[in-house]
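Letters A, B, C, D and E name the chains as they come in the text, with residue numbers starting at 1 for each one.
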Amino acid sequence: MIAGKRILGAAVSAMLMGSVSAYADTIKVGIIGPFSGPFALQGKNFQAGVEAYMALNGKSVKGHDIEIIYRDLPAANPAQSRALAQELVVKEKVQYLGGVYFTPDAMAITPLLSQANTPLVIFNAATSAIVNTSPLVVRTSFTTAQTTNPLGKIAFNEGVKKAITVVSDYGPGVDAENAFRKAFEAAGGQVVEAVRMPMNTTDFSPIMQRVRDSGATGLFAFLPSGPPTLGFVKAFNETGLKKAGIKFYAPGDLTQESDLPALGEAAEGLKTSFHYSVAHDSPENKKFVEAAVKAIGSADQLSFPAVGAYDGMHVIYKMIEATDGKQDAKKAVDAVRGLSWTSPRGPVRIEPETRHITQNIYLREVAKDADGKYINKEIQTFPDQKDPGLATQ
Amino acid sequence: MQTILSIAIDALAFGMVLFIICIGLSLTMGLMRVVNLAHGAFAMIAGYIASYAARDLGLGYAASIFLAIIGTIVISIPLERFLYRRIYGSPELTQVLMTIGLTFCVIGITNYFMGPTLKIIPLPEALSQPLDVGFRTIAAHRLFVIACGAAVAGGLWYLIERTTFGIKLRATVDNAAMSDALGVRTQVVYAISFAIAIGLAALGGVVGAEFLPIEPYYALRYMVTFLVVVSVGGAGSIPGALIACLVLGFVDTTGRYLMPDFGNFFFYAAVILIVCLFPRGFLGRAQ
Amino acid sequence: MSDLFRVENLSKSFGGLAVSRNISLSMPEGERLALIGPNGAGKTTFVNLVTGQLRPSAGRVLLNGGDVTQLGAVRRVRKGLVRTFQVTRLFSDLTPEEHVTLTVLQREGKATRILSRFRGNTHVADEVHGILGTLGLHEVARRKVGQIAYGQQRLLEIAIALALKPKVLLLDEPAAGVPSADTPRIEQALERLPPSLAVLMIEHDMDLVFRFARRVVVLAAGEVIFEGGPSEVAADPKVREAYLGNYAHARSVA
Amino acid sequence: MPAASLDVRNLSAGYGPTLVLEDVSFSVPAGARLSILGRNGMGKTTLLSTLMGMNRRYGGEILVGGKDLSPLKSSERARRGIGLVPQTRDIFRSLTVEENLIVGIKDRPRNVIQEAYDMFPRLHERRNNLGWQLSGGEQQMLSTARTILGRPAVLLLDEPLEGLAPVICEELMEAFTLLASSGEMTILLVEQRLESALDFAETVLILERGRIVWQGASEALRADPGLVEHYIGVGSLH
Amino acid sequence: MHIMAQAGTVSAMPDAKSHLWRDAAGIALISACGAAGYWLFPDNLALLTRIVAVALLVLSIDLVVGYCGVATLGQAALFGAGAYAAGIACVNGVTEPMTLIAIGAIAGAAAGLLMGGVMLRAHGLAQLVLSIAIVQLFHEAANKASAYTGGSDGLAGLMVSPLFGLFEFDLWGRTAYLMGLVLLLLVFIALKFVVASPFGMLCRGIKQDPVRIRAMGAFVFPVLLKMFVISGAVAGTGGALAAVSTQVVGLDSVSFELSANALVMLVLGGLGTLYGALIGTVIFMGFEHVVSAFNPFHWMTMVGALLIAVVLAAPGGLTSLVGKVAASRQGKP
């Protein structure tokens, strides 16, 4: 009876594990992202970044083949996130976890990491505190505070004394509001009103009316990238705020490249701060864009999550190199503390302490390039920006 | 005062977009007793067709709208014949299951063929300009949408209240068995009504694209809003739907202006209040 | 002795159309009363008014001397005023046994219990089988109602009513739609009703009415046009007119 | 459409598990009048609605002018010549009088509704009132006029006089007689009032518990009060 | 009692004892499936635990939809109430897992009382809309009260003590799964008793014809409200299980989407049998898991196709298919 069970168990586990890991030396990397549903485009960018990196740097490290396993997590859902991560670790035997678009999903995974002996490289989730929840987390994206921070000063220097902040009412929105207020008031300005809009807002005219009534001369806005940004920018123009000369600042989520064809001339001249522009002028970026566009299929769809994934893969490759294929999460993470390299976005470094990426933040302006296509044109660089959200903790 | 006027005109525009899209759903739910959760999917399909027509075929705005409406109706015909006819008269939850399944399929297929990015339908020059109306500037497009909504309301009113078809339709809704006994081909009436409902969804999807941008997830994203609006108005009633859209549009808009932090509270509290006060919707037909 | 059940000047109109006018009647214990009248005379409306499904525009309903006009349908049932339905209202996927058990449990105030088994109580089961047996339903006791014959469904309607131990029973066309072969079973069931029960029956089958009733009330156009013994009813000119000739008292109300 | 003959053969029908009509057969020649008698609940209404196709038919055929209409839906039967004025009148409560009439005209031009106004001037007075605002008599006029406007070859009238004031009854019966004598329609009348029924039709059919128990000339029935008592009356005491 | 019956109809007469046997067999089958899941998919226990938690939610919907005929698209409000109550209690120092589950159940029941109190004022479509409005308000409230709930970032950092002081909630999720499975079985058995009680029968009656129930002398509203409370307790248990096993609570647990998905699972499985709820959940989530792993990008089409196929093939849900097969077997001697 017991023997029978064992045989059954062995047969089943052999079936489940597949034939690969038994003899070939393949290192598996599990990537969790929104590959379907409302955020499918961002997930697609994850995939494009990963594939671009592997196309440019080979599919093996030190003779170890890399295999990527994608798992779909269409919307923020921590329970499912945890289930997927656990399945990737336990069943698929991945040595590295990557991806993760939403903060709560990352929060659900981090408690597993030390037991799983698996590092998690976050390609996007942008709340500062994630890296504090486990020493095995490394982040190659950005935090909202990091990208927002320079805008306070820029706004004040451009003559805005009174500003209104308008953000989507959820974690990153609140982070952005706080970061801007802090920087703006430190520079000497005054935030006259702070508006938090429900996530599902589709008509922004009443908000714009409120902006107008507030008497502010500058508007700071944060909306997650996606369909509503279009309505927001259009409402800004159509209600005459643009004409009235009110200055509009936002982190780059608002003008992600994949939305620009739709935003079009409505967004022209809009100034945003961000860590990456697809139009960044560097040889590294040219190579990256070419490879990533090939992977994603259309130049219009390429956007910032791809570079997070691309650099995330760089970190994972370095980790594999350091551990030589052995599963040792601590060693892997230690190997990338302080790692610096030239990313498509510019020079970057993994802070040894926080394991968050330090990078340039650019002020960009939506403009037409030589082909008449709208791009985020970099006009000013703020080098070596750490995450101010973490600095304060 | 200016602010009130200003809010009112925004509320009107937003309400009209909801109205154009939802009135079709209201007709299918109230007149044909089909809870068609895939209604938004048809609006989305129309948006894609219009975007393709305008951007890739270079057609004008009006031609794109026309093509989108026709195209969506053409797509809906086989669906009506092979899927919807199976669920006429089924329990509501079975209808929900089927139409959600259909919505998933439409989303998946759209994502596959059209990609996940936003699609825009370029507006003609005349509509894309901000217009100064004295106390504020307003996008000409918003006035166009209001006009469309009014035209739809008026056109439908005329169709349903004044034409023989409308009289037959109302008779069928009032008492289908008796209409049949008087020689009204109720199946044909239903098929035409379904096509009209889909056509209106298509029109709403296209002219409302400035408010509800076209992307694959559109079909699910606004499903709840549509369902709520229709129920509040009372399924099957044109004036009911109009009142619901304007009232909810107004509550939503002013709520977002006055207390943006609690915008959703306002909206859903209003919904609960209205539903408790008018359990059949503002002007609903008795079940 | 005061009447067990009494209706005083009951009236009801829908949007200007009077469907019941000034109906008064009373029933002592053990009464067997038949209410007849042509279609549209307002018989079912009368039952609905008496049992609380409809609110009267005017008038009173008294049970055991107490005014129940303001009570809802449920409370009237609990006071012993019970009806059957003209078109059977049964739960198609439950069995007759389940119907009657539920009713008995309800009567005993045990129907909302969660921590007891539906079939756990033997004395309830005995009573249920007693009732089903009286009505000749024991053969189909455990078949789903949707699968039993219509005549048996009508009998089940009566069984449910009896399980409530009513004081006053209103039977709304107990034999309607029942194939003629099955009518004797219904008649038998009616004969066996508890003697103290006051029964008001609406029925079109005159044979049944004449065999059952000791008193007949005829309703036409919402008002009582005759009240008396069965032997007199056929002879009454107004009744004959209502049924056979041009009933001239009928009128419409705009 | 001129009047057509009606032949009903072995018709059985009912609701759900209940058989209400069993094996009913009869014929009415084109342009003739037939009264159907029987006490309440004996299947008269079911017979008419089964002819119209509004009920489940378990078996049998319905021939109008020799053509079998039984496989058709009621809308097609209506278009091929059957018209019903139901006992419950079934006017469209949310439609105006005029709109109710428009539904009935089938594909004829709208101005033919004048025919209905000629028949019942009262309807003209109330043409803009909604259905539910009408009195019982007006509803009956409307229901009747609505069906007649469709020019049925076979007209089925289900207790048209029920609950109506005598004046209106007279008016209606006059209208029916006029219609019948014009020979444009074959008319079946279900009526509880014996006198009216016998006056109206030359032949009579009595239904009891879903079956035809008597069929014959009106005069024969009139001559036999016992028969009347037995089948229709309040009843002799057994 | 002696039943005179023809041979052919005996099998159509369920007996009290055969009911019990059938339920015992059903519960044994569920336990066996649960155990088989544990042995066959030792690496997917987190998914299986999630299925168990959602199955509790779907069961709770079955109570109100399948047994009472009250349509709801807002049941996640009760699930989320349980999840957040357990989560907040845990963050504030209550770490014993069974206590947390109990807290979740109580919170769910309280939310059920509130929701029932509002929803039962309306009928049909209006009722459905009320349920949507309520779940949206719960969602909004959870988002706003970020000090307690963590808002959109989720309530993280739940440190749950080992179960009975012995079994850790670890990476492999064995403890969580087995605890969830036992909970599910207990709840299922309890619900079998509930639906087999006079109260359960009364609910089934109300679903079919409230007028008849009133004519039997029973009030309708308090009965339905009571079922809402029970349903809330079940949903709250599911929510608390999700919170304990994942150690994080997200806004998705009070979302319309979760409610709608759960309702879809129930309709897929079939209403009003309790088994349908389990079958629907397992089939839907299992299918979704397999196709989304197979093709993370376009699996939605396949799920949609599954739903359409089920409506076309088995409009009464998958359990009705079992009934049909059984009936056709019986038809053939």
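Just so it is clear, a contact is a pair of C-beta atoms (placed from the backbone, for glycine too) under 8 Å apart; a residue touches a chain by one contact, two chains touch by 3 or more.
Since the model is a prediction, treat every value here as computed from it, not as a measurement.
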item	value
Chains contacting each of chain A and chain C, listed by label	E
Distance from chain D to chain C - Cα centre to Cα centre, in angstrom	31
Centre-of-Cα separation between chain D and chain B, whole angstrom	43
Chain centre separation (chain A, chain B; CA means) in Å	35
Whole-Å gap separating chain B and chain C, where each centre is the average of the chain's CA atoms	49
Interface hub residues of chain C, defined as touching at least two other chains	none
Chain B: positions in contact with at least two other chains	108, 111, 261, 264
Chain D residues counted as touching two or more neighbouring chains	none
Inter-chain touch pairs (all)	A-B, A-E, B-D, B-E, C-D, C-E
Complex contacts: residues of chain B adjacent to chain D	164, 167-168, 170-171, 174-175, 177-186, 285
Sites on chain B touched by chain E in the complex	29, 83, 86-87, 90, 92-94, 96-98, 100-109, 111-112, 224, 227-228, 231-232, 235, 261-262, 264-265, 268-269, 271-272, 275-276, 279-281, 287
Residues of chain B defined as touching chain A within the complex	3, 6-7, 10, 13-14, 108, 111, 115-120, 130, 132, 136-139, 141-142, 210-213, 215-218, 220-222, 252-254, 256-257, 260-261, 263-264
Contacting residues of chain C [partner chain D, same complex]	15, 17, 36, 38-40, 149-150, 173, 176-177, 179-180, 204-207, 209-210, 221, 230-231, 233-234, 239-240, 243-248, 250-254
Interface residues, chain A side, partner chain B - complex	36-38, 40-41, 44, 169, 195-198, 200-203, 205-207, 209-210, 213, 226-228, 230-231, 234, 237-240, 243, 258-259, 261-262, 264, 297-298, 300-301
